[in-house]
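Multiple structures follow.
Paired with chain B in one complex and with chain C in the other, chain A is shared by the two complexes that follow.
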Partner chain A sequence: MTDMSPSERRLQKELMSLIKDPPPGVSVDAEQAEQNLLQWTIHMEGALGTLYEGEQFQLQFKFSNKYPFDSPEVTFVGSNIPIHPHVYSNGHICLSILTDDWSPALSVQSVCLSIVSMLSSCKDKQRPPDNTFYVKTCSKNPKKTKWWYHDDSV
Partner chain B sequence: MSQLERVQEELEALEAIFMDDISIIYNERGCVDLVKSVIFPSTANEVDKQYVCVTLEVKLPEDYPDSKPIIALKSPRGLDDSTIDHLHNEIQKKCDEYLGQPVIYELIELIRENLTESNLPTCQCAVCLYGFSDGDSFTKTQCFHYFHNYCLANHLIITGKHFKEEQEKLPAWKRSTKAFQATCPVCRDAIYCDVDELKTALPPRELDDAQKFEVTHDLKVLQQKMQQLFNYQKSKGGIIDIEAEENKLLLITNSNDSQVADDSVDPGPSLANNIAPPLSNGLQTRHQRHYSKYTSNR
Partner chain C sequence: MLRFLTSFFGNLFQIMLHLLTSKKNIIQNLLSIYVKTIGGSTLCIDVDPKCKVSYIKKLVAPQLGLEPNEMKVIFAGKELGDDIVIEECDLGQQSILHVVKIKRSSDQKNNISSRGEKCFTTSTPNLKNGGLLPLCEILDDSMFSTGSESRTNSISVDASDMDNSSADIKETEISEDHRQRPKKVHFFVYCPTCKDMKNGKLRVRCHFCKSGAFTVHSDPQSWTHVLEPKQITGTCENVPEHCELLLQNKEPTFAEFYFKCSEHVSLGENDQAVPLDLIRPNLKQVPCLACLEAPEIMFTFPCQNDHIACLYCFKQYCMSKLTERQFWQHPEYGYTLICPNGCADSFIKEIHHFRLLDDVNYERYHRFATEEFVLQAGGILCPQPGCGMGILADPDCIRITCQSCKYVFCRNCRQGFHIGECDTVETPENGLLNGNCNNELSCDNESKGDDASRTTIKVITKPCPSCKTPTERDGGCMHMICTRSGCKFHWCWVCQMEWTRECMADHWF
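== the complex of A and B ==
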């Protein structure tokens, strides 16, 4: 066993609890995460009774060695990107806790829960109005985007 | 004495004892709805040393004290679930014991005693997710959340730096006139800490201890066994020196000798169970080992 940095220790702890006791509809690709603690893939099911019921999504989490002081880079990946006013078709998510409102007391689990809740409160499946323009011009890393958080309704 | 008078008397006594530390909430009919008190451990009035607290809420049913009050413990700080469960059990026992008599004072004292005994946060640091051990320097924020000084310092340094960077990116007229305000990682309440002092703290013990790697007895034994095996292989020519071999010619003899397969059945010394039969020539070992595996499968 090699020496581990505090961020790796914390990620290991989070991984354990996510494997043992995941929130409903959420599961982590444990093998991949164990291979590379800094990049996880998470499978997420649309919550029952919402517009996304029965849909499967994949989230990618990338961590820097400053985690948990630095927020993880979270995007939707794979073939099914949810159609939601805060999710761009390239998988980028407009969610304040992923940048400005990040706190080290948040975790992978709480981020997953926030995203499930964000999807669940959606009443009208639509892409963001500026989707085409943003997807053409944005950086690959959603954390480089200067997000403007103004809509708390969904 | 009527029921109402008995309750009234108990509440008056409580107010006299606890004064501002207890609040009695009346409903619109003028009856007592809720008795509420934030309970701290007794630390001889040293507020700085109170590391845990809990809010007790007592709802009085109409026929109290002849039936048990309804108890809720809210906003526990520095207490984990098992401690709260234990407290709930103790409270129920006390309520059973005091059925028919005033019990609220007893409950407050019971909780206070319990908190005094465990006046060290039993929760985890929200930043590193490790617990607090004896000797760890930690901070209790004004909002009763707990962090290792080491972890909190990192948080404050990084958020402070981030704030400055973001400000510098903005044009002058857009910059915030307010100075950076540190916030609690858990509840985002403003916190006031001395970063320079926090910075000097050592990393949390649990985090540090977990990092230490010790060579156990088992590992030493394993290491010795492997060394023996290595020496055995080396003495039999099983270890190939790549540099020395590079300048040699590789000759492969394709003799169909069944003896080779039989050789591999003989295990040799117990350590070498999974190793090919000892052979004198390193070059041939490679070829024949491969070959014997092939024939024995047939």
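== the complex of A and C ==
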């Protein structure tokens, strides 16, 4: 614990609290995260009573050594990318707290909760209108995209 | 009889001398302090830190032609009580005590009251009493360590109310454990002599005549009282008539607070340190907003939410913002930052806090701050590689000579000075290097090292339409947001104009 950098110490604490007290439907791959604190995989279940009920998703979190002053890079990975107006088929998520509105007061847990609530509030399962074009041209890192945040109500 | 008397006094003198010298032998760390009198003379005396204030009075009285009971010893805003032991007073080597003559007429009342209290608490000095210990020994940490000032006030008021009521009931018990309970106030300063963050000492002087012979009417209860002018009134003992005359009784005499470094021998009255008021002891064990651990010493962001960081994470925050050039040029405070959580009105007012950065990064901070200041003031930076001197020139002046490297260049295109039009129609501002000049007359070899980078910058960047900062697009969409703090302009990479809904519809990606 002593020879860890402050960002690793913070991540270690966040990991412990996420293992101990995860939000409903969220679980972290603890073994993988402990091996490399800078890259986590999080399993997420579609909430009951929503369009995503019964579905399983995987989120990948990548952290830099500037975390938490720098936001984590968060994408959906794996075989099931949720069909949602803010989620591109390559897994990129259009969510303001992941770039412009990030603050060190946020955490992996609060990001997970935001994504769960973003999915839960969806009324019509569809890809973003510009999906095909974006996926072809975008950078691998979603943080390089200057998002024009879609309407918050969907 | 006379012989007896003389021999008696002679013996006494010898005994005292012996006592003094033996004391000197036992205690190596004699304090060498200055005593300043109203007449303007300064006496240098060496005293044992264990001696009392009354001893100093006796020592100094004959030299001033006064009786010890005619004198007041003033230090750090307070008249020191006779029974105070010098080492309890936070005096350092070369500290200055002020001695004034008690004035019968005006000060009699004060004198009697302080005397009365002295009698009352001869064995256990009452720390709540104003007239006995210097200010820095009376104040406690809880007043100065909480986050927002509004909360500080309410807390300190509650605490003192509680203390007062309990003190009335159980005077003796309280005074015994008084020393342990409130933690003595802890100030941090940036010391220009040590060039580092150090522990600081609070000192008081007259706001008008700057004399240290000044006693406060009330104790400061918060940082506002200490940092803002004209918060606490007091009595200037220097030449009260002078200060009163100066003010023509329009307002009372105010105290001015300042700080000294407590880790080097005082170099005189002008040897001051800058208070780092946002660095405080973390008495309530608040966790750092970044690493979530509760540090002993914290950096308190001046925001409503009392966010704090440990000093390490504060430095990390500064360095990451510095690298991204995300500091703000505030018109009043200078090149500064806000709370990392983006809280409203949370600018760090005292930029000496950035002295916590190591030398290399502080130098960068300083350079960026200067550049930003020059650019905001409508100035230009010398385009010569390795120079970058900030130049504030007359707006009509096209031929600019750098005072530092003597390079003579054209204001419009930043190339060597030339006669005639520049190549490009666009007139670049703010250090943008995208012009080519018709430099028939200039000797181009001065800027040869710059040509390659100039070309590169020209090819791969586009200027922000608002502030003209050359901007590189390394992937992502066409929607650009200028990264320069204070600009943040939203623009379109294709149109090179403000970002619109049309851009989003036509060529977002």
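Here, the second predicted complex is superposed on the first by the 151 of 154 C-alpha atoms of A that agree within 3 Å, B and C clash if a C-alpha of one lies under 4 Å from a C-alpha of the other, contacts with A are read in each partner's own complex, and residues count from 1 in each chain.
Going forward, contacts are C-beta pairs under 8 Å (C-beta built on N, C-alpha and C of every residue); 3 or more make two chains touch, one makes a residue touch a chain.
As the structure is a computational prediction, the values presented were derived from the model and not from experiment.
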After the chain A overlay, clash or fit between chain B and chain C? clash
Looking at chain A, which partner touches more of its residues: chain C or chain B? C
Check the residue A:105 against both partner chains and state whether it touches chain B (first), chain C (second), both, or neither. both
In the overlaid three-chain picture, which partner chain does A:139 touch, first (chain B) or second (chain C), both, or neither? second
Touching A:9, do we find chain B (first), chain C (second), both, or neither? both
Kindly classify A:130 by the partners it touches after superposition: chain B alone (first), chain C alone (second), both, or neither? second
Output check: A:69 vs chain B and chain C. Expected answer is one of first, second, both, neither. What do you get? both
Chain A residues contacted in one complex by chain B, in the other by chain C: 6, 9-10, 13-14, 66, 68-70, 103-105
The residues of chain B that touch chain A in their complex are 126-130, 151, 154-155, 158-159, 183, 185-186, 188, 203, 207, 210-211, 213
In the complex, go through chain A and note every residue touching chain B. 1-4, 6, 9-10, 13-14, 66, 68-70, 103-105
Residue ranges of chain C touching chain A (in the complex, touch as defined): 289-293, 307, 310, 312-313, 316-317, 320-321, 340-342, 474-477, 479-481, 499, 504, 508-509
Give every residue of chain A touching chain C within the complex, in rising order. 6-7, 9-10, 13-14, 66, 68-70, 100, 103-105, 130, 133-134, 136-141, 144-148
